[in-house]
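Consider the two complexes below, in which chain A is the common component and chain B and chain C are the respective partners.
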Partner chain A sequence: MLNKKRTKSKGSNLVTWLMLSPAIFLLVVVSIYPFLWVFQYIMYDYNGFSKYFVGFDNIKRVFSDTLFWQSVIHTFEYAFLKLIFVMPLSLVTAVILSRKLRGSSLFRGIFFLPTIISSAVYCLIFYFIFAAYNGVLNSMLHTVGFIDKPIDWLGAPSTAMMAVVIVAIWGGFGNYMILFSSGLTSISEDVYESSKIDGANGVQTFFKITLPLLGPVLKVVLMLAITTALKDYQSIMVLTGGGPNNRTQVMFSYIYNLCFGNGTSELQIGYGAVLSVVAAIIVGIVTLIYLKISKKLDDIN
Partner chain B sequence: MTKKHFLKRMGAFALVGLMTFSLVGCSSKDNAGDKTGGDDGQSSSSKKTKVVVWSKNSHDLEYMTEKVEEFNKNNTDNIEIEYTVQSSSEYQNLLVMSATSGQAPDIFANDVVNLNEYAKSGIIQPLNSFITEEFAKVTEAYEHKYEGLNSIGEDIYWVPGGMRSGSRLIYNVELFDKAGVTPPTTLAETIEVAKKITEVGDGVAYGTIFPGLSSPFERWIERSAELSGVTPYDYANGKYDFTGFKPFIEAVRQMFEDGSVLPGSASMQIDPSRTQFATGNVGFYGNASQEAGVLTEQFPAECEWAVAPLPTLDGEIKGSLTCSPNTGWFMSGKTKNAEAAWKVIEYFQSEEFLKGYIEQGYTLPISGYMDAIVDKTKMGRLSDFALEEYEAVYPVAPVVSPAGEAYRVALWNACLPDGPDIDKTIEDLNKTYNEALDKDISLGKTKRLVVENYDPLNPNSGTVKYLDK
Partner chain C sequence: MAAEGSRVVKSKSYYISRTVLYTFLVILAVITLFPIIYVVLGSFKENKELVAGGINILPKKFIIDNFVQAWNKANFAQYTLNSMIISTSVMGLMLIISTMAGYVFARRNFFLKEFLYGVMIIFMFINVGSISLRPLFELSVKLGINSSLFPVIIIAAGTGQATYIFLVRGYMSSVPKELDEAATIDGCTFFQIYYKIMLPVLKPVMASIALLSFRGAWNEYILPLVFTMTNEKLRPLTVGVVSLRNAGDGAAAWNVMFAGSTIAIVPILIVYILASKHFMGGLTAGAVKG
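Coming up: the complex of A and B.
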């Protein structure tokens, strides 16, 4: 009997591994191998053709590279501004739409649309909306009399980050809304019914029932949102290219320019490799801190 | 094992097998697709030798497509050209990636590349052994050798079939008349003229424009500085020196502060900035001869426009203006069809092909031979950009990897009204570029270029020396 059980578990183990093999293969090839590949260039000046040994020069340069540390600060500023708006907005929308009002699935579809559009495409559209000269936003504000001369939304240091964050919120909000919606469906109707009988109003229900019961989902969604926000750079590349004067330069756009060039200087893949590791460590530390703090969210009771 | 279990397990195996098969299936299909690139190019159905050609130019696409079709139909060597235009901003990345993965095109259009590295890594090969007498007669290949740009020592890697003029001041005649001004010749006048045009522009038209996201510094400011004798590299002393750029940066910043620059310039790409000029909203801007085609075909100008020399520091021309040899073709060092590839290059640079190309206004003639035979009346507005006495091809300054911003980015940032301190920017650039030069020389990456008896008005006249320290 025992013997039979062992054979069975061995067999199902094999099937499990076979089932997992395509996923593992892809993980190794597109995630783990490239990450390890980066390490071989850390001690080199590498321009894509030849590598020259430079010892610890690349690592020493990290500490004196003010532009990089500035971009780290911009990354946190961007992530913070994005999350502080996108999270409550998508949660509240999900809760409202879960009430099964008329047209709620239509709205859910509309809000989800940005997620399936390429970010390069909607950023280009926003580029025209924000355009200083003949832009849609400026002409609207001008018509209602809020401004008397055009504002250079993407070209002025005071407004560029705000503009980029608005686009990020617009692009990300539908995705998180759907995740929250699916979390909400797992909360039993009975709980809501009994709270209704006890006389709880909408706000009380939200804070005392919905939010605590959504804890585990909230934890995962928040973690995803934090890491995504820290790694965002595609929309920034399209909207501002990191400018003006590096005002919207974030960690990964800075690294991208070093490794793939912006057409103005030699590629510095070795130094870019060091910074990618540093950036990975920074994102890792933030995630760890978050996981530690958020342990409470797991505890539904 | 029960029958049910057995069936279940077989089902699982079949599923895994199917998935693996589909993965392998996808990849083998991709491989088959790739073969058109670097392999022997023998297409089994027609037995034609395929020559894969890449370009980064889209402005001449119509002419190129027509000529490629003509060649594919009429050539007697059984060669078929597969012509692809790649993204110009990713062109070099694509080239390097395709070359390192064995999928490089057989020939590809010239670009300003790190020629030493391309040659050393075998991405390209010298063309000397292919060049025929007829080819040399039409292109004057041996006279148009530019060290580090298209040749290394005696080895020629691409032969220019044309020349792009240096930058000019392109201006809106109607706005100039309305403001009662003439094209500025000094920096001080430039600021004044921009201001006057903005005043008569009524909030619709502005003095000038810069494509903030598309190399604004390189297109205009750097060229005005060159004409005033200021270059990033000090050829006489063999080091980088950005000190001379200060007044130029101050002038641009002044125009921004005066409100004379079209709003939104700082975040503008090149094409939106061109449409603004074409619509008649901009007084003047600086750019090179490709604008002739842009303002007549791509974005036909609704206003009357003309061309003048770029303004200089004090109105005097003290240095040469960079013009760029172009319309040349590299041959891949890894091509298996070198003979066929050369036949295609020969065709692209034949008298008949170049005559049509130049007369369509895509480039200016570089060789005396072509200059004599083209009908300049057919060149359209390109003739406004005819090469001037003061234009020259500068020796290529050593390529370095500074531990900081590239100079064109840093100096442009300093031009912005809220940009960093100008003096500090220049000081930092002098430091990072010269430290990088010293380091890269010691690593054996590059050599120090010193031109003895250097004359900025004639940058190729001195004695060129490459030093190891």
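Coming up: the complex of A and C.
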């Protein structure tokens, strides 16, 4: 009896691992192997064909690499500008749509639409819209009389970051709106009813009832938004390629150019490996600080 | 009297607030829809009209030549096929892998279970960015599979799987264990329970996984860009249409790029219109439970 049971559990153990094996295979090959590979090249100069041992040179270079630290600053600038607009906008919209207005679900469907389109493709579309001479944005502004001569939105250092952020807001808004919406559905109708009876208006209800009750969801979504914004570089690659004159270069686009080239300079994969680790640490530190702060806020409340 | 007065005021402010809200929503909707409508309608314009610019959204003359040109001369037939192959393969793989793994995680206790689960979570957050594509590219060259779509499919599947496994595990926890027990008494093996009982039960979450993974793979850009730098024939739509701009004859090819963008958008748009509930449902379920 005991023996039979043991063989049975052995057989089903095998089934367990067999059923897990594709997932484990993918985890090892796609996640763990590249991670370990990166550390292997930290002390090498590697251009994709031959590698030379350079010791700590790559690491020393990080500290004197002003272009990299500039791109770090741009990363934070981009993330900050994106979040400061997209978070309130998506939250307010989610709250409005939760009030069972006629056409709510249609609006929700429209606002969510950008998130199903590839950021590469919508960035290309915005590249057309922002074009200096035949772009539709300049034509519109000109027709209304806001501008006399065309603005080179993506090509001028003064406007490029703004243009990139506008596209990021357009692309991210629907996603956060939906996340907030699902958080709002968990707030009971009764709470709103009683605040109405107490005579609270819409704005008061928002700040005194909705926002505090949405706190946990808000925290998760905000963390998601921060890390996403810090890691985002795909749209920048399509819109500006980090230009003009590195004005929109962010950490990960800078690293991409080192590892895969921008067509002008030789690949520097070893140095790219060091910067990748530095960038991952920066994102990690920001996440930790955020978690600390949000926990502190919890304790106060 | 006083009560009546306040009611009048209230209903007036009610209408004002409704008007303000609707104005806000409509403006937002117009801004959201504008780029999409602009590019779809623009892809029917003649190239000289596109290059000339202006504020006309509607084409002066409707032509479909841009699509013919994109499809025949600019390789978009091939790009579309590649996008379809990548997306459906990733979707298929994800449906099988994530339901199996999620089921095992939810129903079995085994050696290293929580460790394995923890590693999956950690690698969702640890992200060294694009450089991780470098070793995978070199590996696929070594294995001689870099001239196929295989590595792109495997990597897209691998980077997405954790989310979907969590989705399934979370959903499984709401499926009563009595179902498994009853099936075991009826003589079902562990795998048979998965195959015959759980898969039908998991249908709603599988619909979300199918949509999200299809969308993810269809929209992938950097990954296929890296793997198809020297092999144009393998490019999906996203890479194909963007590389057209970088090809140099940018201004000359606006019409083809507009048509190409439309080709890249419309299939996923149709899927979305048919199944928008599953899209949003899956996204929020993943965020809350994962």
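FYI, the second predicted complex is superposed on the first by the 265 of 301 C-alpha atoms of A that agree within 3 Å, B and C clash if a C-alpha of one lies under 4 Å from a C-alpha of the other, contacts with A are read in each partner's own complex, and residues count from 1 in each chain.
Simple rule for what comes next: a residue touches a chain if its C-beta (ideal position, glycine included) is under 8 Å from a C-beta of that chain, and two chains touch if they have at least 3 such contacts.
Quick caveat, the model's predicted, so the values are computed rather than measured.
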item	value
Clash or fit, chain B versus chain C on superposed chain A	clash
First, second, both or neither for A:F76, with chain B first and chain C second	neither
First (chain B), second (chain C), both or neither touched by A:F85	neither
Which superposed partner A:P22 touches (first chain B, second chain C, both, neither)	both
Touching partner for A:I125 - first (chain B), second (chain C), both, neither	second
Greater residue coverage of chain A in the superposed arrangement, chain B or chain C	C
First (chain B), second (chain C), both or neither touched by A:Y192	neither
Chain B versus chain C as contact partner of A:G135, first or second or both or neither	both
Partner chain in contact with A:Y290 - chain B first, chain C second, else both or neither	neither
Touching partner for A:L67 - first (chain B), second (chain C), both, neither	first
Partner chain in contact with A:L154 - chain B first, chain C second, else both or neither	first
55-63, 91-99, 127-135 or 307-315: stretch of chain B that collides with chain C	91-99
Those residues of chain A which chain B touches in one complex and chain C touches in the other	15, 19, 22, 131, 133, 135, 260
Sites on chain A touched by chain C in the complex	12-13, 15-17, 19-20, 22-24, 26-27, 29-35, 37-38, 93, 96-97, 101, 103, 107-114, 116-122, 124-129, 131, 133-136, 138-140, 143, 170, 173-175, 178-179, 181-182, 202, 220-221, 224, 227, 231, 233-234, 237-238, 251-252, 255-256, 259-260, 269, 272-273, 276-277, 279-280, 283-284, 287
Contacting residues of chain C [partner chain A, same complex]	17-18, 21-22, 24-25, 28-29, 31-33, 35-36, 38-39, 42, 50-55, 57, 93, 96-98, 100-101, 103-104, 108, 110, 116, 119-120, 123, 125-136, 139, 154-155, 157-159, 161-162, 165, 189-191, 194, 215, 218-222, 226, 229, 237-239, 241-242, 245, 254, 257-258, 261, 264-265, 268-269, 271-272, 276, 279-280, 283-284, 287-288
Parts of chain B lying in touch with chain A, wherever the complex brings them together	9, 12-13, 15-16, 19-20, 23, 89, 92-93, 96, 114, 117-118, 120-121, 203, 212-213, 215, 218, 262-268, 272, 276, 281, 399-409, 413, 416, 418-420, 439, 443-445
Chain A residues within the chain B interface of the complex	11, 15, 18-19, 21-22, 25, 45, 47-50, 52, 54, 61, 65, 67, 131-133, 135, 149-150, 152-158, 160, 239-241, 243-246, 260-266, 268, 271
